[in-house]
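Presented sequentially are two complexes of subunit A, the first with subunit B as partner and the second with subunit C.
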Partner chain A sequence: MASLTTTVAAPGVYRARLVRVTLIWVLTALVLFPVLAILGLLMRTEQGGYLQAMSPEFFYAIMTLHGLGMVGLWFVAGMAVISVLLATYVKPTTTVSWIAYGATLTGVVLLLAATLVGRLGVGWYFLYPLPFHSGGTWPGWATASLFAALAIMGVGWTLWAGDLLFAIARRYRLSHALGWHYLGGSTTPEVPPIIIISTVSLIGVLAGLVAAVVILVLVALEQLGGSGFTNDALLIKNLTFYFGHMVVNVTMYLGVAMVYEVIPAYNGRPWKTNTLVVFSWNLVLLLVMVAYLHHLYMDFAQPRWLQVTGQLSSYLISVPAAVVTIFSTLVLIYGSTMRWRLPSVMLFLGVMGWAIGGVAAVIDSTVAVNTHFHNTLWVPAHFHTYFVMGVVLMILGTVFHLVTELSNVPESLALTKTIIGTVGVGGYGFLLMFYLAGVAGVPRRYAVYPAEVAVGTIYAKISLIFIAVLLIGALVYIWETGRRCLKLFSS
Partner chain B sequence: MPLTAFGVFLASTTIILIVFAIVARSTNVPRDISYAGANRLRLLFFASLGVILLIFLVLTLPDLPYPVEASTPERVVLATGKQYAWSLNEGTAPTVANWDDAFNQKVQVSTGAVVEFRVTTLDVNHGFSLYTPDGHLMAQTQAMPGYVNRLRVKFDKPGNYTVLCLEFCGMAHHGMRGLVEVR
Partner chain C sequence: MRGAVALLAGMCAITSLRAQSVDPRDIPPSEDRLLNAAVPDVPLITAAGARVTLSQLARGRPVLLGFVFTRCPGICSPFLMSWRSADRALGEKHNYLRLVLSFDPGDTSADMSAFAKHHSLDDNDEWVFAVGDPSDIRRLAEATGFWWTWDESRQQFDHAAMLAGIRDGRLVRLLVGGSITSARLDELVRQVSGEFVRSYPLPGRVQFRCVRYDPATGRTTLDWGFALLLIPVAATGIGTLAMFAAGARRRGKE
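Moving on to the complex of A and B:
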């Protein structure tokens, strides 16, 4: 491996191995990202009425691939990037990262086969019992492939999260890794925020994966047991959303950990752990376990006290995010000698996207509002906001920070402006069409809009222009980052 | 409600954009920051956010869409989902065995009546949603295997209210519909 700088502060051979596996993850993400984004473009094109040759079954198959792919992609990208940043303080095992990579690739191949060949169309959270009621659209092997993919990736990701936690545990005992001694007034040992946020996130990953295992076991008992056992649809729904909500939120938290770690490199103001940071992230760990309940507001059979808990916890979890992380980012940057480069701008805008998407999410987590927004396009509007304009910017900003410093390829200011301009205009324009359609009550996940919600077609058409602009920015970024990665490999 | 929610969202987004712009511009003229002052501002922000969230809780929690046991609806309609149609019946709901005979896509109710839809499904999860004659989403609940969700709606205006599916249920999800005629 070529000139390694202090960006990845780990010793010799280990550092080279770590950088190599991280580059493989990054290159894979850079290939999958535009492919999955183009699937999104195709879906909006179909909804805009321009792709009538595409059958609804193909639309729903690529919708499933787009959703599962994007959620999985940004989770593994977040894990890979956080691994390399953690190596400044602890020593994750590169072998486990490779195992996770192999498991992820196997899962991707199975999902590609299930959706593109088998036409599996179940949505990214494959709500039970839909995978077993294809209505003749997809064969049984496609459903089997989906669950095999989930099981294989689940094992790989569990090992990966466990390895990162174990690496942290070798240096910090759990109470220190969660910063509890700060709450008791002690600042020794000093624990950087990235350790605390990563520990919270990794515990969250494992808690989410436990739910996934329970789902798989329950489904297997029903499908393979032959005992007449029937699953409780509400229980499976709770487990499914607990798992899905956890994976998505953990990805977000990994991105935020990158902000804490990387922004100081651009303005020289250290971001240290304090009581407030510790309290807020431990609170997040508790609240994220119950905030998923807002996904089930329209399941009226769910006990009322759980519905109220969902709204309370969703409101509460916004407080540490806003008052501690977002506010602290602004304080950290305010009046500092900030070097505005592509990574710092992307991280800054990522925090802004997180804030905007967070507001939309809190609004939708109000039961009385959810009645009007549940499963309308408001839902993809808000999660695309804190993904595309939030965590994705944080992860890609950090990736660019790493590969630019490692490769010593200077940044082009003109290309930086191009990327930021196109991503900003394209991203928020594309999102605005989702929001407006959501306000109009246009359902999400419709291949074709019936007359009652035909206004969705207009918003889909307009969004195509913005998606094209966004894609241009993404491709310029991929070019700039990809060539740095390839230079690192070739030297 | 949707327009109010969007208004709150737009106002919040505008504030966020302004604050981020101010912070970004502040780096043009580097200066030391008073952390004591920042913490006072943080406290103010915390208190403001707390008050705003509390106000929203107080205003919205009484408006839960779940039916109250004590009240009695004027009409009961059994809404049964099955890939890819809604059957709206009174008296007896269709089963998988008699679906073709018992299926009923349309129901009539009186203007001003409080109707309770008892929503369930014979196969996968569906989303029972009512759209007003001018295409606005007025109410919804999920249809889950093994459960009956009760949705109370008062139809103030006459017209044709469309039932669409709001939980993805398969290939013809977008074509799954029913009709409530309010006369």
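Moving on to the complex of A and C:
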């Protein structure tokens, strides 16, 4: 179990290497985060009617970069942080983390070229066959650049996830890593929750990455095979959301694993594995393989039983992962002498944000509701809730916990209050505008709102104030965390 | 890094070369590859001799565009009669422009007038027969996927038979083939008028279909491509077992 003095409980040289590569990942994330957030601000500014000079084509290009960038950024940030936390129990390879870093940077450069130079506007889900049918909006090289970026990052991330899973495998049997012995009544060997959740997450992400490989192979066959080979758009959509939904969900699970590991350091109560935790996360492993089906409710050719499976699995998956974690968090905190510092507050708010976003997601995963909400701003509302106010807070809270402990720079309570206040008010205000617009039927993915949904412009304008407040909080956090990282580097 | 650049260059080359290496006569016009492409607003000369642009002719209405040449001994007349017959079967419930355009540089507006009269469509305002500058016709053809070549041995054009549905200057849907049924025409017109019309690729050209959809009954059944969705689970399951087996061997040695 982590404590304030055993944050990175790994020996000498290996510990130094691990901390160094983690700091590089963290600093990169701290640079990319505000840049990608400003792209979001630009999008809402255009929707608010203030950026008439920005063409819709550029709107879709930055929407693609913002979406792909944020999904990828928080996934790699989650992986980097979980690597260092796992090092208390197992020994991941730092070299593989560096390889993943190089692959990610290469992918980022290719994505920047594809979107900002090539104006690729396919959205973060790059749904086939849209990348190949630009209607003259973007050139062929931009599409090639997108798929090259995905291939390069995919290789790096697969190696990384495989290395972390193999590190667990070197210490635990599979049955122990998944905690099955707890279901049989045995508590030895004692397996911390972070091992179980990480094992589930890493198996999940590997499955998602295999789906991405299948997509790349099918696309390559079509491009190489001439007119003799045409892909089934429905099959590719299934595979794309299998991959995309998995990466997003696994990012959240990595954040939850951090909550299990770090919260006890602030209230002194150990968070031990029990039957309920094991049962819940094993059920998650099964359900996450099919929950993506709720992304295909609008596809009339998808068989009805698959749509029903999508709805049921989406309902069920919220119980073991979210409800158990939220309930356990409250039980762990209730009546304890909790030290409310920036990391513990961010982790707690992250769990609550996950709960709120999860409820909105469950509502949207109901077929009858989805028919009305699917293409409205309700969708970005719920996924921004469990991302911005959920997993991002979990990751940032854990990062601050790590760098504060390692650098011995004391926390400023005044700045903590500033960060929590601005992020809380700015974040939920910004999200509320999405929710209200969604309920009003304002469509998503519109650069400019036509007269029929002009109310969307008003919500976009109001959201600009909240985004500005949120950005102030984020910048104060980045300053506080960044200077700790730099101090660690200089030492 | 060099590998990544080579991969990118290779994919770019494949993407661009692929379109050049296939003889267009070997494949029917592919709607998938043309969808939402901008259709140029070219100047035309109608059979009545009026000089107008495509958008002026459309006056905001959807357009169904068919290509013919007046000396065609083959598909042009059956194609036009089939279109006319299907159109009449639909009655007057749709408001759209029927534009018949000659791709033969030798055709004149007088030729098109005679062609319209021959098919009893000369006194119908909804039907417009026209010619245009060869370069403009070529641009229209490229935007809609229509192709033609001169067959020296037979002294006539070899060409496609198809209708292109256009709305607001964008290609919405293609209807390929010389025989036009009223049901297919109705679908085309409804879609080009802004209505959502369900469609799913026909069997034969698509590999690894995950379902088969029957538009007549609305029923779907699983197809072999669905098995590809099981690859991620199967591959990851095998990989995980192998990884933990290797981990156990490592523990044994230590």
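Keep in mind that, in the parts below, the second predicted complex is superposed on the first by the 483 of 491 C-alpha atoms of A that agree within 3 Å, B and C clash if a C-alpha of one lies under 4 Å from a C-alpha of the other, contacts with A are read in each partner's own complex, and residues count from 1 in each chain.
Here is the rule we go by: a residue touches a chain if its C-beta (ideal position, glycine included) is under 8 Å from a C-beta of that chain, and two chains touch if they have at least 3 such contacts.
Predicted model, so just to flag it, every value in this text is computed and none were measured.
Q: Since both structures carry subunit A, what do subunit B and subunit C do when superposed there: clash or fit?
A: clash
Q: Using the superposition on chain A described above, determine whether A:211 touches subunit B (first), subunit C (second), both, or neither.
A: A:211 sits against subunit C, while subunit B stays out of touch.
Q: Does subunit B (first) or subunit C (second) touch A:147, or do both, or does neither?
A: Touch partner of A:147: subunit C, not subunit B.
Q: In the superposed arrangement, which partner chain does A:203 touch: subunit B (first), subunit C (second), both, or neither?
A: second
Q: Examine A:461 and indicate which partner it touches, taking first as subunit B and second as subunit C; both and neither are also allowed.
A: Neither partner.
Q: Regarding the shared-chain residue A:181, is it in contact with subunit B (first), subunit C (second), both, or neither?
A: Touch status of A:181: no partner.
Q: Please indicate which partner A:106 is in contact with in the superposed arrangement: first for subunit B, second for subunit C, both, or neither.
A: After superposition on chain A, A:106 lies in contact with subunit C alone.
Q: With both complexes overlaid on chain A, does A:171 touch subunit B (first), subunit C (second), both or neither?
A: In the superposition, A:171 contacts subunit C only.
Q: Now for A:234: first (subunit B), second (subunit C), both, or neither, which partner does it touch?
A: Once the two structures are laid over each other on A, A:234 reaches both partners.
Q: Does the superposition put A:17 against subunit B (first), subunit C (second), both, or neither?
A: neither
Q: As a test of reading the superposition: which chain, subunit B or subunit C, is in touch with more residues of subunit A?
A: For subunit A, the partner with the higher number of touched residues is B.
Q: Which subunit A residues come up in both lists, the one for subunit B and the one for subunit C?
A: Touching subunit B and subunit C on subunit A: residues 129, 133, 135, 230, 232-234, 300-301, 304.
Q: How about subunit C: which of its residues touch subunit A in the complex?
A: By the definition above, subunit C touches subunit A via 1, 4, 7-8, 11-12, 14-16, 18, 21-22, 26-27, 30, 32-33, 35-38, 170, 198, 200-201, 205-211, 213, 218, 220-222, 225-226, 228-229, 231-233, 235-236, 239-241, 243-244, 246-248, 250-251.
Q: Could you please specify the touching residues of subunit B with respect to subunit A in the complex?
A: 1-3, 5-6, 8-9, 12-13, 16-17, 19-20, 23-24, 26-27, 29-33, 35, 38, 42, 45-46, 49-50, 53, 56-57, 60-61, 63-67, 83-84, 123-125, 127, 129, 131, 135-137, 139-142, 144-151, 162, 164-175, 177
Q: Along subunit A, where are the residues that touch subunit C in the complex?
A: Contact set of subunit A toward subunit C: 106, 110, 129, 132-133, 135-136, 140-141, 143-145, 147-148, 151-152, 162, 165-166, 168-174, 177, 203, 206-208, 210-211, 214, 218, 221, 223-224, 226-227, 229-235, 238-239, 242, 289, 300-304.
Q: For the complex, which residues does subunit A have touching subunit B?
A: On the subunit A side, the touching residues are 56-57, 60, 121-123, 127, 129-130, 133-135, 137, 230, 232-234, 237, 267, 298-301, 304, 307-308, 311-312, 315, 318-319, 322-323, 327, 330-331, 333-338, 340, 348, 352, 355-356, 359-360, 362-363, 366-369, 371-376, 435, 438-441, 443, 445-450, 452-453, 455.
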